[in-house]
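One structure is given below, encoded as structure tokens.
By written order: A, B and C. Residues from 1 in each chain.
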Amino acid sequence: MDNNIPDNILTVTSISKAFNGVHAVSDASISIKRGSISSIIGPNGAGKTTLFNLLSGATQADSGTMNFNGIAIERKLSHQIARLGLIRTFQGAKVIKRLSVLENIVLAGQSNPGDDLSNFFFPKKRQRYENQARIDAEALLETIGLTALAHDYAGILSGGQRKLLDLARAMMAKPTLLLLDEPFAGVNPALVEKLLEILMRLKADRDLTLLLVEHDLETVMNISDHVFVMAQGAVIASGEPASIFDNEVVVDAYLGARRHTA
Amino acid sequence: MSQFVQFFFNGLVTGSILAIAAVGISLVYGVLKIVNFAGGDFMTFAAFISVFLSVTEHVPIIISGVIAISATILLGLGFEWLLLKRLRKSNAGTLALFLTAFGVSLILRQLILIVFGSQARQYDINQVKTYEVFGALIPRAQLIVLICASLTIVALGLVMAKTNIGKDMRAYSDNPSLASISGINVARIVIAVWVINGIVSALAGIFQGVVQGSFTSNMGWSLLLPIFAAVVLGTIGDVYGALLGGMTLGLAMELSQLPIFFGGVPSSYKPVVAFAALAVVLVVRPEGLLGVKARKI
Amino acid sequence: MNSFLAPSFWIFVMAVAGIYVIFALGLQIQYGVGGIMNFGQVGMMALSSYTMAILVITYGWNLYLAAFVGVIVAALGGAFLGLTTLRLRGDYFAIVSIAFSEILRYVINNSDGFTGGAQGSLAIPSPKGYSAGYTSTFEKLIHSMIDQLQPIFGSWATRNLCMMIITWGTAIILMLLVSRLERTSWARVLRASREDDNVPAALGKNVFKYRLQSLILGSVLGGIAGIFWAVQYSIITPDDFQTSITFFAWMVIILGGATAVRGVPVGAVLFSLLYAGTRFFNFPPFTWLSSVDRAYLRVIIIGVILILLMLKRPQGFFGKREEMNLGQ
């Protein structure tokens, strides 16, 4: 194994987070292989979103470690983690309504000299970046099929279109690990197909690892190399899709949860 | 020792007035979610009305007080129905509410100047009679204020704890959607808030006028930041907290003059103690002594 | 009514309007771009003008150098305010920003040996032993300006005309720069974070840093306005820097619309016309009142207009309604 490129792009060890005494995530550990597609499944309240928030830096863990590409990220802030290449999408696909569709994507551009005030007096440098960023953004827009809406306010997009935009925007940020928070939730089957197709195409073009939180078990089965099952804050099972769905512990956790909520 | 007793007593007096005024601000914020920038001027309004009635028109002081309180209640209700209701309907943001309250505050102060003039006012009471306690001088007028203020504070506490309207107000302030779903009459609460605000602002204004000796149209406005400090210290929206915050701040402001605190804060800097307290609380513990969370990034 | 048309009065009004443009431009950067509600902006004026006055009077510094340092002190004030309190929720920050400027004013008012206390710059201690003032260098500049302008403007070439030219000249340059700034990706990040903090953060932007920068830039402008205020009036006192000044500036922003730079001069001129113009109302109810009371009524009118704007047209002339209500 090459020392400089770890096999696992992400290693989470015994991570815990409690809110007001309730353990949202307790002693969870996962490892993600570079270039793989992994999914986290589990009943509501299992701690999946909290885990995502911990990974992306939106919340700080109480204990445990997280290692991304050889760098410890458990104490880092969200923007620092994002800059390292760990990008996430949000449930409900947040778009910036007051910016245009294209601007939403360009916003995600990394290392933009225009973001730095000291470059205010170097318009050429800023412009060069903006021009290239535009081209990249337009290419992504093309991939998701929203080129016609490039200059409209993102607020006018439908729910499905927002998901596409969210995806394109995440891609613009040059992720090496992409966290997708329920990307197919509330999306009609035809659009699910389309989203998957775009996702796979984007992944194929890059060195990209995917980690999804998803409820649609069929899709999870179809696309995942690896599945983690969470229940009540802990990772109760981990393995290839086929073995997971035969696993009694898993079935119990789901049915158990259903019995609770029924 | 006498210095300590003196400052302690002054602290109780200041604190009780701040506490009462803070209840008004805190309640209005807790239930209606607006920062009442005009709160200080409500106090001045009541003070001027009562001093005009009792000194110039020779109306007995109790009756002047009652009239002043009623006028302040009406002022609050007018503010609510004419302005706040409309702003809420048009989905006004924080800025619009802020600026509107400030506009009202500015207008009130100018109106007081036009109607009552700019000279300082004084109540027609004996400011001279003092008692000596452990070497400290306790003016009788201030002692009376302290007693009345304490009674008011106790009454407020009882109203909030025991009456239905008090419980409803606290429930609504904690969780508006849950409260309205469970059948609480929101319109009634809104009126109750402005009635209580009117009473406490008026009383605080009158008490402050008595304690200050003489006062001008700026009286309430200059107290506003210390009142905010008391509110935030006690957790914004929490009436008991406002009472606690007010007393604590009043005592802190007065006792800070004791030599053990860096040689004693000079008396003209007392307000700075309040401003600084406000800033420090907001930075270190914005949720106040009793509260939950208030940060952003 | 003939004094109503006297150009010298209106030139004076416009000179002050120019100062308000610069001051309000600072607010525009902070609010219009950064979404920050700063109600302590007048504190920056106090910092810059008092720094300049003290450096010149007590330490004999050159006026222009002192002015430069004054603006830097204002920027540092903004940095201090931001670093300590900018992470707070919008309305809490607004309140603490008022506390900031009031603490400053209070301290200035009570530091007699240093700032001249309540008497203002006239009482700042000077090695010359008397109230030397700080504007002598500037007056020389004004005199030479008047000499140059006299052939063109005749009797209109007054100090106020020079001030008007200087303030508006500076204001125009600043507005051009700020307009440019508001079209950069820096501004885009701020505009995005006004709506939702999490999105830019998830894309690698340190939102706090951007906000702090906008606060500091606004403070620099506030500082520049403070310098102009100080030389316009030749004397400064703590009472010049009350919270009401900040609110007048907010009114300028609201009148012109907070979202675009071009709204600021419009708002400033409108506000100045309003405030100054009401001086000439010679009809009831003004005629019923003494002149002292008329001054109060004029402020009431400002307050009423502010409230009406909030009720009917919070976005001002150039703004978009959604901009006022979208996330803060």
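Quick note on the criterion: a residue touches a chain if its C-beta (ideal position, glycine included) is under 8 Å from a C-beta of that chain, and two chains touch if they have at least 3 such contacts.
None of the values given here were measured: they were computed from a predicted structure.
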{"item": "Chain pair, most C-beta pairs within the contact cut-off", "value": "B-C"}
{"item": "Farthest chain (mean CA position) relative to chain C", "value": "A"}
{"item": "Distance from chain C to chain B - Cα centre to Cα centre, in angstrom", "value": "31"}
{"item": "Inter-centroid spacing, chain B versus chain A (mean Cα positions, whole Å)", "value": "50"}
{"item": "Cα-centroid distance, chain A relative to chain C, in whole angstrom", "value": "45"}
{"item": "Contacts with 2+ other chains: residues of chain C", "value": "201, 207"}
{"item": "Touch list for chain C against partner chain A, complex", "value": "180-181, 184-186, 188-189, 191-192, 194-196, 198-207, 210, 213, 322-323, 326"}
{"item": "Chain C contact footprint on chain B (complex, rising order)", "value": "35, 83, 86-87, 90-96, 98-100, 102-104, 106-107, 110-111, 113-114, 118, 225, 228-229, 232, 266, 268-269, 271-272, 275-276, 278-279, 282-283, 286, 294-297"}
{"item": "List of chain C residues in touch with chain B within their complex", "value": "31, 37, 39, 84-85, 87-92, 94-96, 98-100, 102-103, 106-107, 110, 197, 201, 207-208, 244, 247, 250-251, 254, 289, 292-293, 296-297, 299-300, 302-304, 306-307, 310-311, 314, 324-325, 328"}
{"item": "Residue numbers on chain A that touch chain C, as the complex places them", "value": "56, 58, 77-80, 82-83, 87-88, 90, 94, 96-99, 103, 106-110, 112, 114-117, 120, 123, 126, 130, 169, 173"}
